[in-house]
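Following are the structures in question.
You will see chain A twice below: alongside chain B first, and alongside chain C after that.
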Partner chain A sequence: MDELSVSIAHIVQRLRGSSLHSQIERHAKECLHQPDIKLDSLKEDVRTFLKTTGWERKLQNAVYRELHVLQPPHHLSAPPEHLKEPLAYMRTAQACWERRVFKSLNSMSSELEVPLARMRPAAEQKDLTDKWNEMGTDESDLSRFRPVYAPKDFLEVLIGLRNPNHNSSDGVSAKSHWGLIQVPLNVRDIKQLRQTYAELSLTCGQLGIDDNAHIHPDLFENEYVQMGNKVVLEQNSAASQQYIRQGCPTELRAELWALTLNATNQPQDVMYYEQLKAGVIQHDLLVDNLVYKDVKLTASNDDYYFVFEDFLYQVLLCFSRDTTVLEHFKYNSATPPKSYIEGKVGDEQCAVFYPPNGVIPFHGFSMYVAPLCYLYNEPSKLYSVFREMYVRYFFRLHSISSSPSGIVSLCLQFEWLLQTHLPQLFYHLRQIGAQPLRIAFKWMVRAFSGYLSTDQLLLLWDRILGYDSLEVVAVLAAAVFAFRAENLMEVTSLASAEAVLADLSTLKVMPLIQIFLFATAV
Partner chain B sequence: MSTSCDAVSCSIKPAVHLHIGHAPSNAARSGVCVVDVHLPFGKPVNIERISFKNFYTASLSVRLLTKEPTSLCKWLTAIRDVSLMENPHCEDGAQDYCSLIREQMLVEPDHVVQIRLILRQPSATWTTFDLEEINIYTHTHQDSEEVSDWLSELTLVDQDPDHVQELPDSQSVSCSIQQMLALTEVMKNNQNSSSIGRYQVTHTHTHTHTHTRARVFNNVCMFQVNGCYDVNLLSL
Partner chain C sequence: MAGKVKWVTDIEKSVLINNFEKREWIQVTENEDWNFYWMSIQTIRNVFSVDTGYRLSDEQMVNHFPNHYELTRKDLMIKNIKRYRKELEKENSPLAEKDENGKYVYLDFVPVTFMLPADYNLFVEEFRKNPSSTWIMKPCGKAQGKGIFLINKLSQIKKWSRDSRTSTFVAASSGKEAYVISLYIDNPLLIGGKKFDLRLYVLVTTYRPLKCYMYKLGFCRFCTVKYTPSTSELDNMFVHLTNVAIQKHGDDYNHVHGGKWTVSNLRLYLESTRGKDVTNRLFDQIHWIVVQSLKAVAPVMNNDKHCFECYGYDIIIDDKLKPWLIEVNASPSLTSSTANDRILKYNLINDTLNIVTPNGELPDCRWNRSPPRELLGNYQVLYDEEQALSESAERDLRSRAGQPLGSKSSKASAAPRPSAATWK
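Take a look at the complex of A and B:
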């Protein structure tokens, strides 16, 4: 009971003073004019009014959202860093990695003689305002800029992670771990996964399987879409999250994701987005060039996403200025970079975070946004959904932590699933110097964005949202290896293994996941 | 019933790992170690809470040496095999902060002169295991003022320095947002280089860390200091 009281108090504090709070207050005051509100039953009548007008549901959704990011009640003695990441050696590794990244950014700034941030002159501000919807046409020279790091650099850091208290004196054996990740995090096996992902079982209908053209829609699809319409009408985040576990109908996906994430597009959200845009116009950041470069290197070269180039700039540049993103560092093992304005190092009055949202983009970062462009064409709505997805899920893919949804756990889970269920394949790949993680890592870091065809990717991300976990990404990675096992057994080098797995664009993700989880002998 | 707790100064002996076998060099690790905590001589305590930081201990038993005024010393088992790590081979719970409270104990932990913590770690995965930052809190009688549990938990939250204090009145904020938007429009139309940022950096000190925070002000976020955001290098 004590833990519940603490959680309630936390959530109340978070929501108090929010725009939802003031809206509910305003509507409650306005309803007092209504004749059916009686003085002697005032509290009940106002409550009923808020219920029938949908405000109670909105509050429920807001509370549900807070529950997703609520940290478990912590021990009084636990310092803040323990809440971000309980294992000391992981905190140290994350801090070292961050220092490397920050040094790299500083070197880039010094070598290229480009400040990390500067105010744009008036003419430049006007120019950018005029070009806002077509920033992709800008032919500025980005050749001097290089990404601060790529996923493969991060992989090397994860491979080197060691727990100093881990007794690894025993040699390699059947019981030891054959993979690259050598930290003993708790990851789930197929039996446990079957329980968690029960809605994906062979006996449940799925979008991505049972909506296939040669299956009559009356068998599953029609009824499922009808249910989806009801869920949208109800406007209940919890119901929506449960529903999307079996997939989103294409026409309802945008609404269902926004509902599940409680990502609203109210006037105040649009206003906020405009303020971020003003921040972009006013100040030029070095990381903006990293964003431009990343988009040009990745999304612009992708057949599915090149049309959204301008949207990507509009979202990512604003994202860098958004200080509300800083809140997620309470539960992220990472720490935002700090700097001082006008060179006044050490003067805390002049301390700022850089970039304002504390997130330094890396090579491939724009691929977190690209698939969302298929769902939302209004920049402020697209922005709202992306930001929520980042602070709930994507940040875990590029920081070192012991979280079950963190990239370290996903890598370990992938390797364990492969070693347990495809030992011959794993052993063979290991022997030829083609450790499976070296191929699968780039897929998992991007949650498969840019590797699957878009419709399949969105079906995968349905399940990430539905189960509030990135675990399904690791399962899919193992399932892909299982699917191509025969070909992989015949390769004799890392390069040929990469070639077998180079093109995933024809894969159907849901059958692969379903077969791997529910048709593998245990 | 609300109680105030004070940490009692105690002497914590180094952990003694039990070995199987005679000579230390041949000893097999048994996975059991014992930590003795001696309370101040001649001053038996009534325990409210034992708190500690785990370091790879899988399960814990607690034995208490009690000495009531009119009887002899006797050993009692207060906690039997409470699990600290769900899976002894994996990292979950390995470095967590924990508390054992009076209500969890099998006997009343009163008149205690010595505490024996029996640590178990059956997994060979770990080189060593221990408990750190062990603190014993004494049980004192309730305050005269009755405070409900829910409110006392709220106080807990207020002590957290990370929480934003003094959230402003929403009416005045929405007015100032409108003013700022109007200002933005004016600025856009009259191009000059003056800035419209506001000083919004606040500082909190948490333990040994200094946190600089851009203040979130009813969805209005400014990242500049006095309208300035000229940044040269990150601090490492």
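Take a look at the complex of A and C:
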């Protein structure tokens, strides 16, 4: 079999038995009663019917979605773990990190004598049902709970990564890498980035730049918004994804993101969300406390997001129960932790994934959801968009892999851009003990959520979706350093460098990215 | 500079004092010769009172109009708005148009309100029309949510009037402790499931002609407790009142953001979830009701040339995105609950001073009150009666000279709303 037929077979297998499949089948059967469906041209007539009623477009969008999560064709004889992560040392490092995280979760459970999971008594179930819309007012004591890990713990692990087949010398020379990440991965130079991000160039109209109040809307914005309305009308994921590379008009963003992600909100999606909610009400999980704690520590104190505290619980608690999230571990270097029913440790028959979605939240996790609350005021819709964003992008920001969108590559990309284009700055910061990545890492792990103002963050995430890559996050991190380079050259300590970069809420991201990519001398 | 401005204040707030000091103005006491007095509403009463009042010189300026209470006392504001509507109706103004239910199409922007005890019978009549409604009782002369309570049964108000006759109602008979009772907006727009109101700042430099400015950096104040319209919660004031002064006593009060959300966040959220057109319409309507409320009081306001005023407008938006004017404060709080709040209020005072005392120079009450655009800071012109008049005169001239037939249609399209140019 060639690569194409492998992909086709895979997608067919994925869509067979999906609810889309049964819906299309049902409509096809129903249309047989219509007078314009003739027996002698049956196949053609049914096809035309599916096309005119929009089912063909829905099928196209579903296929497009599968193409996105499907990995590039790989060698047929390659073992499945290569789909997760081709490099053995990365796999080992990830496994080791997972063990550490899960161990600390287990010890939290035993130290605090809180079980990993328990059935809620009926009274508590009722109580939670009543309070579903105001979980934020619950004053349970969370002081005993600590986040399992914070981004800086994860950074230490990444710094320690080494490729056993590669000898990296420690001396500082023009050829050596001055940064903290010492593994050889391919990252792109500015010329290559310019090719990829062609739509961000100085000659292209751009939301986040050309919609500025001083620029007449007839020059770009009005026509661009009109085009956006057409894209929405067409309901085509591929067109939508291409369109949002130049940014989403605010009033179309919710629709365009959902379309690009093929995150639907049909009755069956709403029902599925209700099932997850029922799961939250029935069982109490230890990780719920980590969610509460994280929201209280981050979003609840945030000028932009505190309003949405309750929505965050409604999304994140359901997320932890969602076993469909497990599918993404086929292409995620991480592996969901397993827990064993009491007394049966090691017995695979009695193993369950924990938490049920296989994702242990860490400090800042809720910030992946928070910006989406500006777009969707219906929890089920908010949920389906978040889940899709997570299984496409966000998981890569906290698992160790060699993927170009993975956090290791982003760190390396950031460091290389800085070393290549701002060598003086990099050298200076390195000399005073302020490695740039120590500052930029937290931005990148959260894809800048909680650091930028929301309107700017959404413009950045437009490009993540549009280019189907997190690379732009590393570019922005480097661009921020470039923008503040003058001040940074004057600092003499890590603390003062951090102070210079403490407040990013006034930055305009698109001009920064555009100038860095297209106006930097190469 | 001809001389340094001598300032006094009886409101010891750093956002004020820092602004005066930044201008290198000189602090004096109220008994000395002063040019600029930022005073409380208690003091303004004395400054302009018949017995103790002084004659202000051309080089003196104060931050209140003598009878600002025509706008800022809840009962008087309602009275003035009601009178304004009647007058427009009498003039057959298109602004006073009513819909099939007898409601004003353009002037229905305050919740149905009655004075108590004066309008008690009218209130009872209205209450009986809709016995399931909830009403909110507010003392006329108090601010920051003091003395406010909700009722949904006539018996409650009877009990209140019995009880208060022995205590505060004594004062009420003298008119000072009167109450207003307003229909409670029970379908507020909720964001994240929470109720909020809008606090907007509006600067008036003259009432005749009317010149007013809207501050761009208003904010939403959120309730820290979830909003449930059930009546069992009626006693929990935190749910219903969004005043920070009240909310600060709630357990959930957050000192980082103080329950405040910027208007730009609100705009982003509404544009994203409801669309740009409806969002623009909402903000246009808010601007509209501010201007109308000011026009309603302009004829009765003592337009003293030494005065300007920075009002705090409280507005609630309902779930149909209709804004309702709740009340206007003459002395919006200058206390800063968070770091961002301090920056906002510092800038508010700064921009206000830049307009009323251009270049920080000695005030001159005969100033032309037409600051150049670059001095406005975060203010934008909301309405400039002078300019609007000259513009409409120009329009009239043009249409008269141009096409006599077209003049009718151009008038029709200009009414009922003034051209948006005045606040955009």
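Assume the second predicted complex is superposed on the first by the 513 of 522 C-alpha atoms of A that agree within 3 Å, B and C clash if a C-alpha of one lies under 4 Å from a C-alpha of the other, contacts with A are read in each partner's own complex, and residues count from 1 in each chain.
In the analysis below, contacts are C-beta pairs under 8 Å (C-beta built on N, C-alpha and C of every residue); 3 or more make two chains touch, one makes a residue touch a chain.
What you are looking at is a predicted structure, and each value in this text was computed from that prediction instead of being measured.
Placing chain B and chain C on a common chain A by superposition gives a fit, with no clash between them. Once the two complexes are laid over each other on the shared chain, residue contacts for A:Gly279 go to chain B alone; chain C is not touched. Using the contact criterion defined above for the overlaid structures, shared-chain residue A:Asn165 touches chain B, although it does not reach chain C.
Looking at the shared chain after the overlay, A:Glu251 reaches chain C, while chain B stays out of its contact range. Once the two complexes are overlaid on the shared chain, A:His21 sits against chain B while remaining clear of chain C.
Taking the Cα centre of chain A as vertex, the centres of chain B and chain C in the superposed model span 170°, given to the nearest 10.
In the superposed pair of complexes, A:Cys96 makes contact with neither chain B nor chain C. Residue contacts after overlaying the shared chain place A:Ala495 against neither chain B nor chain C. Of the two partner chains, chain B is the only one touched by A:Gln349; chain C is not. Put chain B and chain C next to each other and count what each touches on chain A; the higher total goes to B.
In the overlay built on the shared chain, the residue A:Glu309 is in contact with chain C alone; chain B does not reach it. Taking all C-alpha atoms of chain B against all those of chain C in the superposed arrangement, the shortest distance found is 22 Å.
Looking at chain A, you'll find no residue that touches chain B in one structure and chain C in the other.
Within the complex formed with chain A, the chain C residues making contact are 191-194, 222, 225-226, 251-252, 254, 256-257, 259-262, 264-265, 268-269, 271-273, 275-276, 279, 340.
Listed in rising order, the residues of chain A touching chain B in the complex are 1-2, 5-6, 9-10, 13, 16-19, 21-22, 25, 74-82, 86-88, 99, 102-103, 105-106, 109-110, 115-119, 121-123, 125-126, 129, 163-167, 183-186, 268, 271-272, 274-276, 278-279, 282-283, 321-324, 326-327, 330, 337-343, 345, 348-354, 356, 402. Contact residues of chain B toward chain A in the complex are 51, 53, 55-56, 86-87, 89-92, 94-99, 124-128, 133, 135, 149-150, 153-154, 156-157, 162-163, 167-168, 170-171, 174, 177, 181, 184, 188, 191-193, 195-196, 201, 203, 206-207, 209-210, 212-214, 216, 218-225, 228-236.
Of all residues in chain A, those touching chain C in their complex are 133-134, 136-137, 139, 249-251, 253-254, 300-304, 306-311, 373-377, 454-455.
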